[in-house]
Structure formats: C-alpha cells, structure tokens
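Below you'll find the structure I mean.
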Amino acid sequence: MSPSRMRFAAGRIVRNEGHGEIFYRLEASLPEPVEFDPGQFAMVSGWPGNDPLLPRPLAIFRAGQGTKGKGTVEFVYKVVGRGTALLSGLHPGDPLSLTLPLGRGFDLGKDGRRYWLVGGGVGFATVFPAAAMLARRRAEYEMFLGSRTRDQLPPKEWTPGGSAAGRVHRCTEDGTAGSFGRVTDIVKERMAVLTEAEASRLTILACGPREMLKEIARAAASLGAGMQAALENHMACGFGVCWGCVVALREGEKTGYRRVCREGPVFDAREVVW
Amino acid sequence: MTPDLAVSLGSLRLKNPVMSASGTFGYGLEFAPFYDISRLGAIVVKGLSLAPAQGNPPGRIVETASGMLNAIGLQNIGVERFLADVAPRLSDAGATFAANIYGRTIEEYEAVAERLSGLASLAAIEVNASCPNVKEGGMAFGATPEGISLLTGRVRRATGKPLWVKLSPNVADIASIAAAAEDSGADAVSLINTIVGMAVDHRTRRARLANVTGGLSGPAIKPVALRMVWEVCRRVKIPVIGIGGIQTASDALEFLLVGAQAVQVGTANFRNPMACVEILEGIEAFLREERLHDIGDYRGKLLP
Amino acid sequence: MTPDLAVSLGSLRLKNPVMSASGTFGYGLEFAPFYDISRLGAIVVKGLSLAPAQGNPPGRIVETASGMLNAIGLQNIGVERFLADVAPRLSDAGATFAANIYGRTIEEYEAVAERLSGLASLAAIEVNASCPNVKEGGMAFGATPEGISLLTGRVRRATGKPLWVKLSPNVADIASIAAAAEDSGADAVSLINTIVGMAVDHRTRRARLANVTGGLSGPAIKPVALRMVWEVCRRVKIPVIGIGGIQTASDALEFLLVGAQAVQVGTANFRNPMACVEILEGIEAFLREERLHDIGDYRGKLLP
Amino acid sequence: MSPSRMRFAAGRIVRNEGHGEIFYRLEASLPEPVEFDPGQFAMVSGWPGNDPLLPRPLAIFRAGQGTKGKGTVEFVYKVVGRGTALLSGLHPGDPLSLTLPLGRGFDLGKDGRRYWLVGGGVGFATVFPAAAMLARRRAEYEMFLGSRTRDQLPPKEWTPGGSAAGRVHRCTEDGTAGSFGRVTDIVKERMAVLTEAEASRLTILACGPREMLKEIARAAASLGAGMQAALENHMACGFGVCWGCVVALREGEKTGYRRVCREGPVFDAREVVW
C-alpha cells in the first residue's frame, strides 16, 4: 500500500468535536479516499476570507473509506492560535480545503526491528498512525506519551492497537496522570538499561517539542539506536514550492537546507542539525 | 464559442495570460500531480543564480493580515542543474516556461542570461531586479532608473531571448523605472515584486524572520500592485505583466482591465494549488458571459 | 504597582503613548459617548486646512483584503471653526490634542500653523506632508528630502508649538526623508500615512473610488509600517510616532519594540470605537505581566 | 422615548435564521437594552479575522428587553456579498460586535399627518420599525412593499401593526405575489389621484434602491408632498468620524457633502442631489 498521489480536495466537515481541554478531533469527507503513510500530513484551510491567509499543516490521524466511494480523513489538533481557533469554530457541513497527503512519513522498515514511539504534547497525533500500522503488522513496539498535565494527554480510547500490558507508557510533568516526569527522562531511563544489542535493534519514532526531540536524538545517537524525528516548521505551501520551511541538515561535511514539507517532515535524527 | 485568450508579449505569443509567479511555483514540475501544467500561459520558475544558492537561514516565512512575508533569499539549484535536470522535463510536459534570473553583480546576471540563451524551449528570461531579500544586487538595481537602465541594457546584449524586467514596488515612482527598462530594451515589464516589510514577536522581542525584513505578498498588497500596474500601463508601450495578490479570476481581470497584457499568480498557489487553472477557467467563463470573443476586447478597457 | 506609561516627545510629555490617528477620529468629541477621551496620550484631529474644504466626491472608501482605501480628500471644517467650536470643547473634556494640518502651498501650511500657535491648549502640530488624495501639496512635499526640508523648515519658523512631520510611505528611502525632517527642525516624525492603492470593479469596468486612487490603511499595511518605523528609528534621534495597521495592544507593542516612542491608532477605530482605550489597557496589562515598571524599559528593546 | 446614547456592545447571537430565499433574521443579546428611532442603524461585525475588515451597516429592525436587564436587538438582512454571507454563517452563541444606535432616523412628527411607507427590496427592514411606531400611535398610514419576485417580499407575519384592509400593498415586478408592477409605479399611480390638500398632508417614508427613491422624490416634490428618504452608502465607521459615506445635499444655492451615517441616513428628499 503506497500513499495516494497528492491532491487538492474540497472536503466537508462531518464531525469537529472538542476533547478534554484543548484537543479537537475533526473528520471530513473527501471526494475520493486517500491512502497515507504514518507521519504524512495535510495542509488544511477552509475558513472564509484571507485572514489568516495560509493553510495549517496537520498530521493525518486516520483516513478511511466513506460511503459511495467517498473518502474520509481525520485530524487531531490542539488550539494554539488563530488558525486552529478558527478550525475549532467550524461546524459539520462547512467546507474544508485540503491538500494531501504530503511529505515523507515514517520508514517502518522491514522485520526484526523493535520500535519505541514517543509523542510529546500533541505529537501523539503524528505517532498514533504509526502505532496503528505496527499493531496491524504485529510488530514489536512500545509507546511513550507525555504531556504537561492530565488533560493534555490523549483520551485513552484513541490509543491504537489496544493496550497490552506494558505497551503504552503515559506520563505527565505534574504527575496528575501516568507516571510523574517528562517523557524525555522516562525514555532516557529506559534507554540506559538497554544492552548494546537491544539498542542496535531499536528504532525510535518521535514527534513533539524540539527540545524533546533533540535530547532523545542525542541519547539515541550515543547508544547507536535509530531515530526518526517528525519535525514541525512554519509552512506556506506544504508541497515543496516556496522553500519556506527548511531546516539545516548535515550532508557529509557540509550542511544544507532541506524542506520539512518535502524531504520531511520525518528525518533521520542523526542528520538534523539540532 | 470559446473566447480567444491568446496574448502577445512582444514577439512571444502565449496561449493565455495566466502565468505562475517566480518563487511560488517551484520549478513547475511540482504542480504536475495537480493538473496539466501545459495549460498555463507560462510557468515562471524560481529565481536562478549562476551557482546553486543556500538562501537565508530559517525562519523564512511569517503570516501577516491577508498576506505573508518571505525571506527565502533565493535558495535555488543554479542554472546548470536547471538546464540539465529541469528544463527537459518541463519540455516533455509540454509546458511553456520562462526563467527568472538573479545575480549579485551585473556580470552574474549576464552570465546566467547567456547560459540560458541556448535553451530553445525557454520562452523568456525575467530579470529579477527587485528581490528585497538578498544583500547585494537585486533591489539595488531596481531602485533607480539608472540602475534599471544599466542592468537591462547589459542583459539585453547578453541574450536574444524575450526579456522581461521585474520591478520593485519599493520606489517612489515606478512608472519612471518602467520607462527606463523600456528604453533599455526590455520586451516587457513585470510588476510588482514583494513590498519590504517586517514582523516581530512582542513577547520574545525578536524579529520573526532570521533576515529581519522580508517581502510582503498576497491579497494585502493587491491594491498597491493594481495602482502601480495602472500607472505603468499609462506610461510605457511595452506589455505589462501584472502581479500582486491575485487569487481569483476577478482579481486577474482587474489587472487586465487596467491594462496588463498578462498576469502572474504567486502566493495564491500556496493555499490553493489549483489557483492558476481556476483563474484561467474563471477568465474564460467571464468572457463567455460577457460575450467577448477575444480577451483583447476587455484588456485596458477601464472606463473613466 | 501601576506601570509608568508616560512618554516624552521632545519637550512634550504625554501620559501614555496611545494616540488616535488623524482622519480616523473626527475631531475627537465624537468619541466622548464611548469613553473618557482625556485618557488618551493625545488625540490627533482630522487634517485642517486654512479654509473649510469639501473633499472629493463619493465613492470615497473601498474595503480591500484586511484593509481599506480612502480618498476623502481632506473634507474639514477649516482652522477657524476648529478654533472657535472644537478646541474649547476638547479642552473642557480634558483632552490632550494635536492638530494635523494641510496646505496646498507652503504658505497655506504656514498660515494654518501660525493661526494655531496661539492656542494654548494645543499640544502639537502634525504636518501632513503625505496625503495621497489631494492634487496639490501633500505628497509632493513628502516625496523627497528636499521637499520635506523646505516644508519643515518653513513651518518650524511659523510656530513655536512642538512640530511633528508625518511621512509618506510612497518613497524609496523613508529614513533619508525622516533625517531631512529632523535636520530641518521637526520635534518628531510620525509614520506611516497611507500607501497609494487602487480598486476597480471588473464588471462595471470602473474605478471604485471617484478619485481613482486612494490611500491604503489597516492591518494589511502593518508589516510595511513596522519596517519603515524600524528603519527610521535607527536613523534619526528625534522621537518616532509609529502608525499603520495597529489594532491591538500587541500591534502597538511591536511598534514600541522597534523603537517608536508612541503610536497612533487609525482604521481600527472604525470597527471598534473602543480600540484606543483597549490598546492602552492592553499595554498596561502587558507591562504588569512582564513586571516592567516603565514603558521605557521595553521601548526599542528588540533583540538581535 | 428618545434613542439611547450610542455605544459599542459585545453582543451574542441568539437566533440567526434564513427566511425565504434570501433574507436572514438575526437576534442578538446585548449587555443592556437599547432604545432607537425607526430608521436608525447599527454597525455589525463579529466574524473572526480582518478580512472583511469593516463592519456592515444594518437598520435596527427591533430592540427589546432581554431577561435580567439585558437587551436584545434584531436585524433583517439580505445576503449580497462577503460580509452578509459571513453573518449568515454565524451560529447562536457566537459573538457579535455592535455599534448602535446610529444616525438620524425618521421624523415621525406630530399629529395630523398621513404617512405612506415605501419599502423596495430589503428596504422594508428600515420602514417596518416606523410602521410599528405609527401603529402604536394609531396614526394614519399605509405601506407599499415591492420586490422583484415573490420570495423577495418579507414574510407576511413580519408586518407590523396588523393588516387592516387596504393598509399594506404588496407588489412584485414579475407578478408572482401582490399586484403586478414596480412599487414606484404603484405609489406614483396613487399619488396621481390625490387632491392638493391630501398631498400637502402626506409624508412619504421610503427606503430602497436609489432609482426608486429618486423617482418617488421627484413625484412627491411636484405634488408638494413631504418625503423622508433613508439612504445607503458604503461606510467605514458609521458614526461620523471617517467622512467616507457622504452624499451631496443642496444647501441653499450651494451643495455640500453630508454624512449618511450622521446627518442621515434619513434625509429630507428635497435636499438630496439625486
């Protein structure tokens, strides 16, 4: 199954509901179904007028078959500014413009690897689709979800792949849910007790605040574990034509600016100039 | 009856007046998944320099009210890779395309123009005399009639290709700058490039762009662009290509109405990758509705 | 502790940096039903000319993306009626107010300034050297350093009042124009006035303004205004009054951050008549939040 | 009862419903009640973002006492462009910004006059409040309502003051409802049969397309009947500070530009330079 060719689609909102304090889950219908790789995203707009002007990048949370050959797509988003606030004010039936699927998602490789999925804050929205795929493949994986406080963890029923004991670790910085502490520290503690062989078989898939990614990337690199980091950056187009979203990547001796929307959003963490 | 949308830019005939604006359409091929790129009047590719360029550090873009600032700093693959990798694929796709070029010195402009002259499939060269986001060259030439004359004259002698000079809006009297380009051999002028702007974060107390200032584009600048195109159309005889905040067919028609021979669509491609074709179809529908057989019957027909 | 919002514009001390912009606040009294107008740093009244003026024929305004064009053409009651009817009532209301003035010739500017000089309650005279909507005067002086020097110098000699010169953004290098105003005796510069723009109706094929072109204001121009204010602040030593697209306290703080000593709020008054006081309260709340005791600890503190 | 002092109010939408093909009726709650003169208006905005930027002028259709000392205000509007389309998309509970009451309304004078109220198109929204007041006063009035076609006439149940026989005349240009023809023609026919005395006792209150107002004004002037015309113009502020909304008025020998939002929107039709 390979991702669909990117397209611009006139969607329509089917559902757009608040969950907990800050998350919204939005489902839209599409003229045709889309296939996507976990980690791929969409550029979303739909509010009237030109202010805000630019569409917002959101990870594709789920995509499915609608009725009568139509497609559906789901997003989970946190209201942080004007665009997401506007999205949260849209109602079922309202139009939604979507360019999707975009970017390069996670490389879920082949057999024999062990995965740790790390989601900081709303970063879970990007790693859950990877968990869902790994669960379907019956691959070996664990998931680490962290947030500042209880209400900012994803509702448990959203967790893909069931919750076999020890599979999903939740933590909060204020200790109001799951274990107490930063997800970064918890992941690093777990790393510290890995054997060399275990580490070399490990691939971390992570999305979250840049500081979190950076710290985990450093720890993973020093252990020889693999890591794929899903980055965020401000975007104008989302499909590689404006060069607005670049990050510095190491390329041999030099560094070069690469587009988060096209060469990413998922990058090999060792190549990122953190 | 299908209205005739073909327009002439000097010796160059385009099948319709809708082009993409440089820097907002990549190298054109990126739009092939969305629609048949040969439908556009022309594709103007991202500004090319002699050597590949890294551009400015991020953050490179900021959203503003009905607009955006960019300070990409002309990251591009350079003219050689364009010739080797991109141009043949654009030809294969049947696309009409023009190269936007940029140099730090006049010699570099000349060199890029010369290097491109041999490319038979290239429709035109558009000289970016107005990029606000690079330290040297660029805007310096675009700021005065003398600078534009010098640059236009030299590039004119370096190439036999149709030559468009792209003008900066960051001037007091754009019509006199356009006139200087005309007198120095430009086949057309395109305007406007972005208006220099700035954004800061009042909490972090920092500029939002690494380059501090950037170029403003999008619907916010349309009234300024339209006024400048109107002023230039009244002053020069060469064709004028209207650019700035065009998002819909009616926006494009406004520029044609005040006298532009063709238009370029920039920032609108970001929110809606189908913008250029939707504008093209909208223009055609409008002409049909108004029972105009030829776009020439509408162009420049602003009533007093 | 209440933060100290007082600012100095040369010898003039204002209780806070929030003023209304000329032409968007009537003669000030119109806002009395909404709030106590003495709370503002200053009110700048609609541009006054020597004789009452009729202004341009309608349509005078058009909405644009996140902005508007106006071509009012300086309809006003003239300096005599201002002195007789308006000024006393502004004083009674306890308001601090400045007069924005305009002339078709330098002599008219001088005459208006002289006539106003005797008004003890008048805080300052702001010379509109930048109105794009009148045929003579106005922008002509604002377009070159020489024009500004001449105008500023002559008005300077005509009045002992604090003198602010209001600059046009329709120039290539606003900092050099500000410097010319400074050298010729301005106590402060205020910028920006509106950017010349145009709007047409593609169906009726007519310009939407009777005057064809008009001045663009509102959030759309904020990035351009902010950049110009930043450029001018780095060039001149006299205080700079920042204007352009300010709608919220954070907008105002952005202008202060890049170095403006005070701000003026224009178009925002139309959608929200409470805009000026809400901005004032928002600035105060922000300083409190950041534990800054004096606005001077924030102003100009843009980090590199 | 004199109109309230103008204010800027943070309202909230209570009801916003489509009627027929093109009219919406919107009710908003206000922090405090407002009193208004028929013909006065409000500047209305409330959509998020700065595009469109300017508020829209709408005649106050009704205003009342809400619960707990709060006020309510109603508008009737026709969707013609972006602003009214945005308004029509707002939902109960959404905020609405209002500056009101604005302008100079109809002068409903004192006793002994006979009124004809003329509403062309959505112009009825401006004259209905005058009808309601005249009905309360038991004044002598008739109403003439015209539109292009049936669906563009106001729903009958909105008509204030009941429909005593011969009081409300409806007409459509395509004859699909009421009598056949333009309201202008119907009013002019009725004028033609007035005696001089009747004409001199008549005041016409009219709102509608400029051409309609102009024709009726000419007829009224030649008969010696009074006429108050509610004008429309593009507005930025609505309360007299931008000078954007002027119309040319005859003032003795000269003409001067007067503000529709302040000196109007209701003008003595004889003074308007049509």
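Labels for the chains are A, B, C and D, by order of writing; each one numbers its residues from 1.
Methods note: a residue touches a chain if its C-beta (ideal position, glycine included) is under 8 Å from a C-beta of that chain, and two chains touch if they have at least 3 such contacts.
This structure is a prediction, so every number in the text was calculated from the model and none was measured.
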Smallest count of steps, each to a touching chain, taking chain B to chain C: 1
Other chains in touch with both chain B and chain D: A, C
Which of A-B and A-C has more C-beta pairs touching across its chains: A-B
Distance from chain D to chain C - Cα centre to Cα centre, in angstrom: 36
Centre-of-Cα separation between chain D and chain A, whole angstrom: 54
Centre distance in Å when chain A and chain C are each reduced to the mean of their C-alpha atoms: 47
Shared interface positions of chain A, touching two or more other chains: 49-52
Shared-contact residues (touching 2 or more other chains) in chain B: 64-67, 218-220
Topology of the chain contact graph, where touching chains are joined (line, ring, star, complete, other): complete
Chain B to chain D touching residues, read off their complex: 65-66, 219
For the chain B and chain C complex, residues of the former touching the latter: 64-67, 69, 143-144, 170-172, 195-200, 202, 204-207, 213, 216, 218-224, 226-227, 230, 245, 250, 253-254, 257-258, 286, 301-303
Residues on chain D engaged by chain B in the complex (per definition of touch): 50-51
Chain D-facing residues of chain C, complex: 23-26, 30-31, 33-34, 46, 54-55, 57-68, 70, 72, 75, 218-220, 247, 267, 269-274
Complex interface listing, chain D residues touching chain C: 5-8, 43, 45, 49-55, 97, 99, 233-248, 256-257
